[in-house]
Amino acid sequence: MSEQYPALLVVVPLLSALVVSVAGWVNKRLCFPIAVAALGVTAWSCVGLLLRVLDEGVIVYKLGGWTPPMGIAYYIDYLNSLVLPVVSIVALLNLIANKKGIEQQFPDKTGPFYTLYLLMVTGLLGIVVTGDAFNLYVLLEIAALTGYGLLAMGEERAPLATLNYLYMGTIGACFYLLGVGYLYIVTGSLNMVDIAGLLPPLYQSKAVLAAFIICMVGVWLKMAFFPLHAWLPNAYTYANSAASSLIAPLVTKVMVYVMIRLILTVFTPEFVFTTLAVSDAVVWLAVIAIVMGAVLALAERNLKKMLTYIVVAEVGYMVGGAWLGNRDGMTGAILHIVNDALMTLCVFMVVGNIVYKVKGYAFEDLQGLFRKMPFTMAALVIGAMSIIGVPPTCGFFSKWYLIVGAISAGHYGFMAALIFSSIVSVVLFFRVFEICYYEPFADHHGHDNHSGGMDEAPVSMVVPLLIVAVILIVVGLYTGDIVNHVIQFAIPEAMV
Amino acid sequence: MNMETIISIKPLLAILVSLLVVPILVLSGKRPNVREACTFLAAGVKFLIVLSMVPVILNGTQIVYTIAEVIPGVALKLRVDAFGMLFALVSSSLWIVTSAYSIGYMRGLKEHSQTRYFCFFALALSATIGVAFSANLLTLYLFYEMLSFATYPLVTHHQDHEARSSGRKYLLYIVGTSIGFVLPAMLISYSLAGTLDFSSQGFLAGTASKPLIGLLCFMFLFGFAKAAIMPFHSWLPAAMVAPTPVSALLHAVAVVKVGVFCVARVLTGVFGTNLLFSLNLNVPIIYIASFTIMAGSLIALSQDNLKRLLAFSTIAQLSYIVLGVGLLSPKGMTGGMLHIAMHAFGKITLFFCAGAIFVATGKKNISDMIGIGRRMPVTMAAFFIGSLSIIGMPPCGGFISKWYLVLGSLQAHQMTILFVLLTSSLLNAAYFMPFVYKAFFCRPEDAMFENKVQEAPAFCVVPLVITATISVILLFYPQPFLRLARMMVQSITGV
Amino acid sequence: MTDLISMVVAKYNYWIYITLMMIGLYAIIAKNNLVKKIVGMNIFQTAIILFYVSISVKKGATIPILEHGHGPDAHHVVHAVDYINPLPHVLMLTAIVVGVATLGVALALAIRVYNNYNTLEEDKILAQIREK
Amino acid sequence: MKIIGLIITVTTGALLFYAAGDFPAWSDPASPASTYLSPHFIEKTMEETSVPNIVTAVLADYRGFDTMFETAVIFSAGVVCFFLLRISRREDEEPETRYYRHVLTGVTIQLKEGHEIPPSADFERIDSMWTPPDLIIKTGCRLLIPFVQLFALYVIAHGHHSPGGGFQGGVILGASVILFAISHDLRTAVRRMSEKLIGILCAAGVLIYAGTGALCLLLKLNFLDYSALAGVLHVDPITARSHGILIVEIGVGIAVLATMIWIYNNISSAGRYRQGL
Amino acid sequence: MIWPIDLAILTLVVVAAISALMVKDLLGASVLFGSYSFMMCLLWSIMGAVDVAFTEASVGAGVSTVLFVAAVFRTTRRTRD
């Protein structure tokens, strides 16, 4: 069985999506258990795969039994075997947590919702696992299309915001497709490893350069890297919480993974960092992304939108780290994919709980939440600590590597940007905490006022949230192992 | 210097005790008696664990425990040495006393959200012990930040406008500096040296140019803003909006001492005395410290609010410790380290007294307290002893540490510093003694106190008597602390 | 000059695809009407398909369906030069499908937007949002 | 916006023009694209899969995994359109207004929700605007549709030997139903092919594809390795591949057929299914 | 392949694309887009990509246009650009 894990982790959610879709027409109550079971199996095979990779090294899975350059193959190496469990576990926890919210919001359309949810997870997992440049495009589109569907169901402004996302997303995907076409025209291959082998003699070719630029711009568009981020905040803010807490943690992170995959596997670091020598400019762009993300977040008076700008800033972290061109920076970027996915999940799930109970996420709606929803707020505190970068939460450690990378690359601007955004995050979150913590100042000296007791979200929402919060700390404590046993091997030896 | 080390989980236990009691406190929130019994129990257990390690440390052995290897070369690691032991002993013993005092104070004033208060108090104590036992900069930073965030709800306990603005200031200074200065400085040190473990000779020597080392040194010095070195001091008076037990334990003992402890640790363990000495970095440090001492004392002179006065006094006294370490002479360092303990017991007494007065009378300003010594003789007697200790006069422990500081400045041939020390002692006397005099010997104006003003509840009074007594005892029996301080200095300087 | 002309002629398919792509890209960014943007998006996608199909063209080759597939001489030798490269065609079949799927979703969203704001002009919608 | 658009467009265009300089000449048989992978496909397809239409072989076998997701993309587009647009009668705020026309007299009546239809067989339900039934169109379409569908089936079945395959055939099949919906009205079309049926067919089509792949997995070979079906179909592995391709093409056809109709139904009625175009 | 036809169709494709974007009536734009797709399909069949051309004929010129028209009927025909 274990040799079929690579197929299982994409096929199981796909098949279950179809089954759920049929079940939606027959009996709606079947949808949720099927979806959870499917994601459970997926998560299990992802973890199994990680263990196998740790044991045996890179795994190649030939789909259809065709040898790689002919057919499509999966390459599971240290890089994606680390990202896979994150994606599947995030999806699973989020699904469980949002069951009530989904039923509250779409009583008639749970079937399609779960179908799209599972298809989206299929797409994201596929993107991570595939070793074929074109296959990646198709999966990108699955993830994108289902994402549009999920995001558009929300507040009044959601469809317009999603339509804008669709335009930008399509341009991004098409750019990527075009880049793959350029690679194909000069190499004749679509397999990533194969392309990497064929490219070195062509490093000076203008077509390869253009292919790289186009691919990068496409991927940046999809991950909302700073000047191309305009679609993200609105699309994520106005969506329903189940969708935004799936998509916000995963989509940008998976796209960062794609970028790192392109840099490390397809174009190879020698080309990207030595031949091109534009890494400094990109890191500066990342600096601007971080600073602008932080500043724009400061301007918001609305928790969810504030978080979306933080997502934009975090993308800057990862792009910058990856482009520093040294081992520490790359380690930081990869580690941050994991950490950021988890912490974004944590804070967005908190928003989900708040929306479920309070029906709003503007700052005015948050007053007194520490008393009303202590567990949710505890999770928010841990998530915030992680985003700020306080040890021992995991966010600190990826920031550590990023900063060490910046120092050893001599890029102090990036270091300053990271520090700046940490401090801004303190301000951002403590502004929120203040509102949640201080009651409306009715009686002056607050002695013994018990205006209303606890009004916590349902257990099924709080427990997954607390699990995520604990995971944040556990992952932080195991950073050393993750780096030593996984990430270290994900980065080619050539990178110092 | 190779020291014998043993691996033991005790330091971790000492930290975890107060962490693990938190869930119990939350669950027993509805039954105050259970809750407070648990607090006491945890405090007692913690103190015993710390105490049980003392003989081992006095034998010259270190206790080491690695929690997790988080980054290659840098682990979350605990190490108990003499200096950490000294600090842990002070803070864990004072937690017991403060717990008792808190109960009296909180119940006396019928404060709200007492469960939250006790929980975060316990958390803050965990962090403090964690700082004391940190074996490297990362662990230190972890607990330092944990302390910053755990004390925020305590500082803003009243949840009113004043608390909100003070809370903002508190966080801005404490977290802003730690992220803005300490974090980059730590990472630069890591990039330079590849390690963060404290060693008796520091690990930065020979890794970087002089300007960079100097820059790092000041980033650390100001980054640990809990040490309240000017110009990063103004959070401390602001934080006095907290309930008095918080001010007493945290802002006179734990938090600020964590700050100076970190500064001392970093100066000795990261830079090392030789490096500091060879680069002449100690000179700016002691002058900055001297400036803080003088300025803090002078500002304290003009204060009318008792707690603010104490706060400025604390700012000045903290710099004594920095000064002592900065002198780099064995006697001076011994004095600085001893001052951690001596000042702690003295200052906590003073804060307890301020709180007791507030509980009994509701007054905060000195000008309203004329003649209060007649109503609350025990409290004011303790206050007198505490202030003597701060001034550095016998029969109190403060005398010993100041004596060592004076010797240290002579040893280091710093006559200016000697002058500073003496002047500031005079200033200390100048801001404490008038109040003591007025409290005992002036007649209260009519209707200043309601008739029934009595001593505060026993839970408040007993702790302050205890700490005052300890302050006195420490003059005659300073051995445990003195030995620990000497051992530490010996390991650093070899003298 | 002749070089330039021969280059233009030799690759005119590529020039046309770039032109079409630019037309589409401009429309997505600059057009005000949501449906016009969708039209632009489709032109953009089709341009890329044109590019891929252009890759596959091979001088002197025929369509990629083998002659004599079955029957008596089914196993005669096939020469690669005789047939057009089939791989880009396969990829573009997929891309066309993705294109129509995107189109469906985009139109559904446009209808939702129209239901909310009663217009498809982006500036009018934004004005309405700002008024609220 | 226009200026920004122009700048972006011109920059991108310049980059692409610049890069095109290094392309191999157009239609050059010696270009890497034509010499690296494609010769293998062209020369070996017949022996490896026994399908003369190379495009079909590559599409459904060598790169069958892509195509499975292509079908999944179409399926998800259908689900998204349904999810976004469909307004069930329960959720609908505006009460449904129905229009009936008395066939003999031509009198049109309008009924608010809750009112009953007059008990007479002479009333037919119409759209809000009554267009006189056009005999030519209706009859023409009725005659045309069977042939269109027959052609579509041929396209699916003959995809191995001629251009076409599941996808094209499926679209044509879908188009025939859409033609029916346009020439008559949406209600009639929905009555012939209910929403539930469409929804299930949609999923079933993809299920046939993915299920075939999963069956190969169960038969101890890799996912989508149709040669595993040899044992089940009692043929040699190469013919099994050919048959496998046919099976998945049928799956694709069904999925595409249903999805096209589904998307059309939802878009043309804005999700209310009351009246189409 | 006959290059004059090829070139002529390529020009027409561009013209159709531009006019589909310029025309001030969305229904007209849909129809022009249909013609654009159809000419694209011709172009591809000239290039020998019969399968792609077949798909484009059924999808691009067929179903896409129908979907456009349906959407335009459900929204509005008028536009200012």
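The first chain written gets the first letter, and so on, giving A, B, C, D and E; residue counts start at 1 in each chain.
Criterion: a contact is a pair of C-beta atoms (placed from the backbone, for glycine too) under 8 Å apart; a residue touches a chain by one contact, two chains touch by 3 or more.
Small disclaimer: the values here were computed from a predicted structure and weren't measured.
In the absence of subunit A, grouping the other chains by touching gives B | C, D, E.
Common partners of subunit B and subunit C, by the touch rule above, are A. Farthest from subunit B, judged by the mean position of CA atoms in each chain, is E. When the interfaces A-B and A-C are ranked by how many C-beta pairs touch across them, A-B comes first.
Averaging Cα coordinates per chain and for the whole protein, the chain whose average falls nearest the overall one is A. With centres set at the average Cα position, the gap from subunit C to subunit E is 11 Å. For the pair subunit B and subunit D, the distance between mean C-alpha positions equals 74 Å.
Centres computed as Cα averages put subunit B at a distance of 78 Å from subunit E. Computed centre separation for the pair subunit D/subunit E is 19 angstrom, with centres defined by C-alpha atoms.
Touching two or more other chains at once are residues 50-51, 55, 59, 63, 67, 70-71, 74 of subunit E.
Residue positions 16, 20-21, 23, 31, 33-35, 37-38, 41, 53, 55, 59, 63, 66, 70, 73, 76-77, 80, 84, 163, 167, 263, 267, 270 of subunit D are each in touch with at least two other chains. Chain pairs that touch one another are A-B, A-C, A-D, C-D, C-E, D-E. Interface residues of subunit A, counted against subunit D in their complex, comprise 4, 7, 11, 14-15, 17-19, 21-22, 24-25, 61-66, 69-72, 108-109, 112-113, 115-116, 119, 122-123, 126, 132, 134-135, 138-139, 141-142, 145-146, 148-149, 152-153, 159, 182, 184-190, 198, 205-207, 209-211, 213-214.
Those residues of subunit E whose C-beta lies close enough to touch subunit C in the complex are 7, 10, 13-14, 17-18, 20-21, 26, 29-30, 33, 36-37, 40, 43-44, 47-52, 55-56, 59-60, 63-64, 67-68, 70-72, 74-76, 79-81. Chain contact summary for the complex, subunit A toward subunit B: residues 381, 385, 388-392, 397, 400-401, 403-404, 407-408, 415, 419, 422-423, 426, 430, 434, 437-439, 441, 444-449, 476-481, 483-484. Per the touch definition, subunit E reaches subunit D in the complex via residues 50-51, 53-55, 58-59, 62-63, 66-67, 69-71, 73-74. Interface residues of subunit B facing subunit A in the complex, by the touch rule stated above, are 67-72, 75-76, 109-112, 138, 141-142, 145-146, 149, 152-153, 156, 158-161, 163-164, 167-168, 171, 175-176, 179-180, 183-184, 187-188, 190-191.
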